[in-house]
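Here it is, the structure in full.
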Amino acid sequence: MGFRFQISHKAIAAALMLCGTFTAAIAQTTEERLQRGDAVVRSLNNGSPQPTLERMRQEFPFLASATQSYALGDVWSRPGLDNRTRQLAAVAAFAAMGEAAFMKIHAGYALNIGVSEGELKEIIYMVTVLAGFPRAITASQALSELFAERRAAPGKQP
Amino acid sequence: MGFRFQISHKAIAAALMLCGTFTAAIAQTTEERLQRGDAVVRSLNNGSPQPTLERMRQEFPFLASATQSYALGDVWSRPGLDNRTRQLAAVAAFAAMGEAAFMKIHAGYALNIGVSEGELKEIIYMVTVLAGFPRAITASQALSELFAERRAAPGKQP
Amino acid sequence: MGFRFQISHKAIAAALMLCGTFTAAIAQTTEERLQRGDAVVRSLNNGSPQPTLERMRQEFPFLASATQSYALGDVWSRPGLDNRTRQLAAVAAFAAMGEAAFMKIHAGYALNIGVSEGELKEIIYMVTVLAGFPRAITASQALSELFAERRAAPGKQP
Amino acid sequence: MGFRFQISHKAIAAALMLCGTFTAAIAQTTEERLQRGDAVVRSLNNGSPQPTLERMRQEFPFLASATQSYALGDVWSRPGLDNRTRQLAAVAAFAAMGEAAFMKIHAGYALNIGVSEGELKEIIYMVTVLAGFPRAITASQALSELFAERRAAPGKQP
Amino acid sequence: MGFRFQISHKAIAAALMLCGTFTAAIAQTTEERLQRGDAVVRSLNNGSPQPTLERMRQEFPFLASATQSYALGDVWSRPGLDNRTRQLAAVAAFAAMGEAAFMKIHAGYALNIGVSEGELKEIIYMVTVLAGFPRAITASQALSELFAERRAAPGKQP
Amino acid sequence: MGFRFQISHKAIAAALMLCGTFTAAIAQTTEERLQRGDAVVRSLNNGSPQPTLERMRQEFPFLASATQSYALGDVWSRPGLDNRTRQLAAVAAFAAMGEAAFMKIHAGYALNIGVSEGELKEIIYMVTVLAGFPRAITASQALSELFAERRAAPGKQP
């Protein structure tokens, strides 16, 4: 079973940015952390911004800023875990927690960076053991939606 | 940052067994599935049985059998996901679910098969985003216990 | 940042009722507890009944009665915690538990009794720490819906 | 309060199958376990297949097979617990876990095998104590939907 | 596999009390509800009070009163569900929720009223499907403790 | 009957203060955020450091830093919610989530800043409605421990 994905110019630029100089952690400004978070989103999302994050900015500015600077900029960019493993671990955790919508977003990121549909299914199969059959079945339904959406509009992802 | 692990004769035998002939899935007997599950445990556990599983056998025989034949034999042995990713995904899910004892068991398996302490810490850091700081802190405490136990008795693991 | 709210005749009557005579707890009848629960709903809901509670009455009469007599009449009316703190604590707990629909109902009650939109947002920001970013983001989406509904039909709330 | 349900020819055939010869557990093949799981579904579902299970088959074949062979074939068919108690216990657990969709499926099975609407409501009332009022109220809403669907199309169930 | 349990004079008196006159629900006083809750405890607990409930009385009087009058007096005494099914459903829910301590209390009640160890084990086996293997294994460990405690001091239960 | 309210002098002064001296959020360094987090701990903890946080520093340096700079420095220090409400909301959420150890830490902070034991008990009583009786009872047991520890060593808190 094969799959296709596009690496846009923006994604490449973002990847280069992530490998750039890393100032001493405690001297970093929030502005730098925000920029790093933005680079993370674009590298996971084929160069595009993330709709859920964008929708928060006006009414919940601190939540948007914290998601971008802490969750993405500080945590998701850390080099000690490769992107593929990070995404699959997030998919497993979200599926086990019953957070199907967020699992679907991160499964999309996983496909964007080269993880296969088969590997995502293996995570779902494992969730039957970790958290029971209902959570795994709900997650499989969300993944089926994601696969169908991506087949319907290839290249337009995320 | 380095690590050590022993590959015993039993572990090697188990690994060979896993790569052996795979009869058509629907013709497999439960006995074959139990054997495959036993091989999975030994390959993750430096050739030794797993105490939690063994303690169940007398009073909860079906639970021990289902853990060995389904959870380990059918799911954990599936080839579509490499062992390292599988273990790290399980650690992430257990930590996010607040299941610290089971996270500790699977983190030990991860160390046995070559995952580094640093990679396990990265999973914990990610859990602050997935499930909040209390779940991540509780998981870090369980990991600290595990690292200390392994330092105290190297080679005697699991 | 400003806000407006209406205190209706019914809400004032309910407030007076809550401050009325409190018979010895163990001599209270269920009828009295039901009346107190009804007064609590009206004081939180601008004098109106609560749709979720009303919909239960026909098919699940004990559940409606228990919600009104125990949850509202016995617990929610207790004087040892001011209403504003009680509502904000309920919003925090529901958001952390992933119960967005019930969080939305109680956030509406909070706005009815004078809590500001800003204070509700602060609770959401705190949930990123307590239960992780997905729960906080889901809660922020429910709050955004609530704010929009109230802007669309001011004075007609809840 | 009464109710009606149809026992179809298929359901009777499935019930007979379940009482048939039980080969030694460890010599059973997966094919036999799959057949037993199919018999369980038909005996709970008035002789019909289960839509959720069927929808999984194409894209998540292992999940469909594991649900049918392990969850239904190995666990749900075990004779040590009568069907009525098994279904009511599942309804209680799903409602307490917040898994309303799966609770609705198993509540439907319960009605199919003769459990009354009143007994299902008693489980919901108990959930207020086990897991709080929001989980119980959400479950009551799902049960109300189920009762209405069955009144609208009697005999066509599940 | 057999079991023994004692029905004490107190338990019989409590059972008779439960079958006594039932005043119209809304005219009941809290005192009557407390008495009914006390009768429920004694009928489930071989005539003895429940330690967890007693320990709460001094520092958390409302919680003890609500547990006795609402949880036990209003809910647990309802006649629409037989005691055996009620206890097994509670055990299933607590095990699935990861509430092993409370599962252990209610499993003890189940044994006191004639449920077999085998039926309790069947509930645990079912939890592997509902909530995954870790929750089921943790619950099996709590049940093993309970069985051992009761073997060590037969007749002295709860 | 409606009413209007004035934007008081105090509200205007507060608004100006929020926009006043406060280095632009995006220019803050992580070092400044760490210092603010340390100030938050000491203000909640009678001037002392927090043991759980200190124990993390050596083995999980990023987790300790993130707890101090993000959870405490960015979130817990925000002025839009008073400290008393913030602590009581955290206690409610932790109790409802079953996180008794973290509930105990934040209940201790609440007592340190002047919240009464009675107010903490009111939160526990409310948890019976939000998340059920087991979670509330477990939380009451943790609070009883906390009260006893503080009585045994007054002034030596936290």
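Per-chain numbering from 1; labels A, B, C, D, E and F assigned in written order.
Note that in this section a contact is a pair of C-beta atoms (placed from the backbone, for glycine too) under 8 Å apart; a residue touches a chain by one contact, two chains touch by 3 or more.
If you want to know which protein each chain is, UniProt gives these names: A, B, C, D, E, F = 4-carboxymuconolactone decarboxylase.
Note that the structure is predicted; figures quoted are calculated from it, not measured.
Asks: Chains shared as neighbours by chain A and chain B?
Replies: C, D, E, F
Asks: Which chain's mean C-alpha position is the greatest distance from chain F's?
Replies: D
Asks: Hey, how far is the Cα centre of chain C from the one of chain F, in Å?
Replies: Comparing mean C-alpha positions, chain F is 23 Å from chain C.
Asks: Just give me the whole-number Å value for how far the CA centre of chain B lies from that of chain E.
Replies: Spacing between the chain centres: roughly 36 Å.
Asks: What whole-number Å value describes the gap between the mean CA coordinates of chain D and chain F?
Replies: Each chain's C-alpha centroid was found; their separation is 45 Å.
Asks: For chain D, which residues are shared contacts with two or more other chains?
Replies: Correct list: 62, 66, 70-71, 75, 78, 94, 96-98, 121, 125, 128-131, 133-135.
Asks: Treating touching as the only link between chains, describe the layout with one word: line, ring, star, complete or other.
Replies: Shape = complete; every chain linked to every other.
Asks: Which residues of chain C touch chain B once you look at their complex with the stated criterion?
Replies: The touching residues are 96, 127-135.
Asks: Can you check the complex and tell me which residues of chain E touch chain B?
Replies: Chain E residues touching chain B: 98, 121, 124-125, 128, 133-138, 140-141, 143-144, 147.
Asks: Give the list of chain A residues in touch with chain F in this complex.
Replies: Residues in contact with chain F: 25-31, 33-34, 62, 65-66, 70, 74-75, 78.
Asks: Please give the residue numbers of chain C that touch chain D in the complex, ascending.
Replies: 52, 55-56, 59-60, 62-63, 66-67, 71, 94, 97-99, 101-102
Asks: Going by the contact rule set out above, which residues of chain F touch chain C in the complex?
Replies: 1-5, 7, 11, 15, 70-71, 75-76, 78, 80-81, 84-86, 88-97, 118-119, 121-123, 125-131
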